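Next come two complexes built around subunit A: one with subunit B, the other with subunit C.
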Partner chain A sequence: MNLLLRPEFWWAALAACALMHAPWPARPMRRFGALNAAALALLLGWRVAAGAALLALLAWGLLALLRRRRAAGRSPGPALPLAYLLLAVALFVMHKLDLERRAAGGSLLPVELLARLAYSYVFLRLVDAGRCVADGLRLLDPLSLLGYLCPFHMLVAGPVNVYRDHLAADEAPLPAPGFASVLGGVDVVTTGLLYKLVLAEGLRIFAFGLDGPLRTAGLADSALLFVYLFFDFAGYSLVALGLGRLMGVPTPVNFDRPLLATSLTEFWRRWHASLGQWVRAQLFLPLQTALVRRFGPARARPAALLVLVLSFTFVGLWHGLNLAMLLWGVALGMALALEKLVRDGLLRHAWARGPAAGRLARVLGPAYVFAAMVLLLHPVWGVLL
Partner chain B sequence: MSPRARRAVGLALKVLWVVVKLTLVAALLDRNAANFVYAGF
Partner chain C sequence: MDPERERRLTAIFRRLFCLPELVLEDALTARDVPGWDSLNHVTLLIEIEREFGLRFSSREIEGLQRVGDLKALVESRLR
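Now for the complex of A and B:
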């Protein structure tokens, strides 16, 4: 919220939008990298910007070594990928533990830099970039990589941008902005501001008072907070999406009308979709493939259910490195696995595949999803907020 | 209505909608106004 209310953020965004389309000789993502570094220094101070640059340089160095070994025809061995992953995971654990400590009223590890860079998202981007480069995709230069890892317009609440998209945008000329495309971007940004500052804040003030703390006592509070969280999070995501479109920087859609989902599975495809896509690409599919290869296609179904629970356990831990979020992730994964079993069982009957059942699902489905999410989120509001 | 006129009307309506949203955001950034609108009822 604070960042969106700071005039420097909007000046930086305006300058970046204008300068991205100015006739510079540099590739688009290197141009963004340079503008982004300046924006980070302006918004977070030069120390945090220098820290982010150092992180990008370190990641780039490890990935460049990996590529050089590959190009020389040598096997990269386990040391380099392991060092890269250890760097990403160690920083993630430090970041999360520090956030836990701060929530408890102290700070064991003074890692302000990681918190200010929203490292939870940077971690996901590091893994994506590492995996893509290991698969043979081109490695961006350090400045462009900094723009991918720590984009200033995604500092508040993501979304998780995709390395392949960033690479594709670097290789194509930036489309010239027209009146309609600029208006489209401004429309998305203003819808995001409306969601966050009018609808989410309005609901909060209406329910809890102008300066009142968010209550998490009963299920009614939980339902209100769920709607608040949607407008809050979707609002931030829309601001980032609109600014990304205006600058020509790939920024994924994060919310696709999740409150209209008819099942929990569909809900998680529509809610924080960029995280869902990351989990699917980096965890779900590789784990499922490995399990099916190990135990054979006959066990594909239990393997899929197990991987579903494991993936959501990771989602829980990504939100908070504590027992409550671990159990929340397991519960969420089990709820989805149960839903899949019931759904598959129902779909064996002809009536469940008919148009009447489809219409009924469209009416009752969103109510079921809303109730299930309110119940599932109720025990962890204290940790999430 | 010609497709060009329809497109122009569409863009004009979008501009109007952007102005409405910005007005609401600007109004609600005023804490007193926010308190009156949301908590006053």
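Now for the complex of A and C:
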């Protein structure tokens, strides 16, 4: 059942908003960790909450060992970081394969817990936390880490919160809520509910029927599906963002008017922006930097294009561990690489950098992006839902 | 920033982004320079590393998006 339609979700959210600002002696993110553990138990049952706590404890243990070795002046060696990464990846593969089996009828693996915790997002957070701690940032205590890894208000559809932001929020006093900030948070939550429950659901029922599957037979269906996906996903993200603001828990903006993007590259900066920022920080920049340092700036362009395709291949596989999503990710990466080549070619001409070209791009760009995304949702890819 | 270093930094920007008239004002960001996207960002910083004999950390490469911050970082490393 949709989490947003469950009264317990809203009771948990209201209680967390009020109690986060109550005068407790604990640090803000430890306070959230405790409230979040209770919310997880209420929403998902005590077994799932205990499983989430165990996962956080395991991750914390490995990261604490890594830090202890560093503090003792010893090199941590490859074993600990590798064990941490292998744990995260193995659970990710298990989770994704299980989702595939469910889609084909029946779950065979006992990993209900991972699905209920939306492990695809937890995986990204584990990697971010691991890298930050390896870079020397402070390790949160296990309860605060649980709040970072499995925040109850981001269970449905993320976004991907940032370890560094969570840490910063833990180190500063929680700002006292004022009338304007509460009203602003409520406004974001209600806008999200309007997106999800009215616009997305209305469009879904109109286009695919009350209980019909989200299948597309042609371009018109794909266009409707694209608009539906926007309101659905942006709606969930806004609810999470608003609740995060009300509680004082860092929750990133996930959608920044993506339908106004003038290029596919810009679209992916604005659509599911938190995933884009994760891919940029954890995959794209480190890989590209390593390649350009290795082969020199003269080969920077092929290196950048290769890493771009690899990064979007990961995005495809993150959405679904199957051949269709692999091909979809490669195709998307190649489309972006082609766009980059054309754009760089155009920018060599002075007219393309002028204001008239900018105005033209603002008019034609969104139509081009919309058409490209509709093509990428075409049933020929077989990627849907 | 030291004028000679600023001249060398400006030359890299002008060459990389094909903008021979570009003036490196501190407030300039990646959004203001056509072509300074995430694909060219790494190339820019590695050209700067090579020009000044520096090595940036991955966090620095990730975070630098403003010319003023870039100048300050180069200056602090060369001091």
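Here, the second predicted complex is superposed on the first by the 377 of 385 C-alpha atoms of A that agree within 3 Å, B and C clash if a C-alpha of one lies under 4 Å from a C-alpha of the other, contacts with A are read in each partner's own complex, and residues count from 1 in each chain.
Please note the rule applied: contacts are C-beta pairs under 8 Å (C-beta built on N, C-alpha and C of every residue); 3 or more make two chains touch, one makes a residue touch a chain.
This structure is a prediction, so every number in the text was calculated from the model and none was measured.
In the superposed pair of complexes, A:V186 makes contact with subunit B only, with no contact to subunit C.
By the document's definition of touching, of the two partners only subunit B reaches A:L210; subunit C does not. With both structures placed on the common chain, the touch criterion links A:V89 to neither subunit B nor subunit C.
In the superposed model, A:K340 lies in contact with subunit C only, and not with subunit B. Of the two partner chains placed around the shared chain by superposition, subunit B is the only one that A:E201 touches, whereas subunit C remains out of contact. Within the complex, the subunit A residues that touch subunit C are 135, 265, 280-281, 284-286, 288-289, 292-293, 297, 300-301, 304-305, 308, 340, 344, 347-348, 353. Those residues of subunit C that touch subunit A in the shared complex are 17-18, 34-35, 37-43, 45-47, 50, 58-59, 61-62. Listing the residues of subunit A that touch subunit B in their complex gives 5, 179-180, 183-184, 186-187, 190-191, 193-194, 197-198, 201-202, 205-206, 209-210. Against subunit A, in their complex, subunit B makes its touches with residues 11, 14-15, 17-18, 21-22, 24-25, 28-29, 31, 34-35, 37-39.
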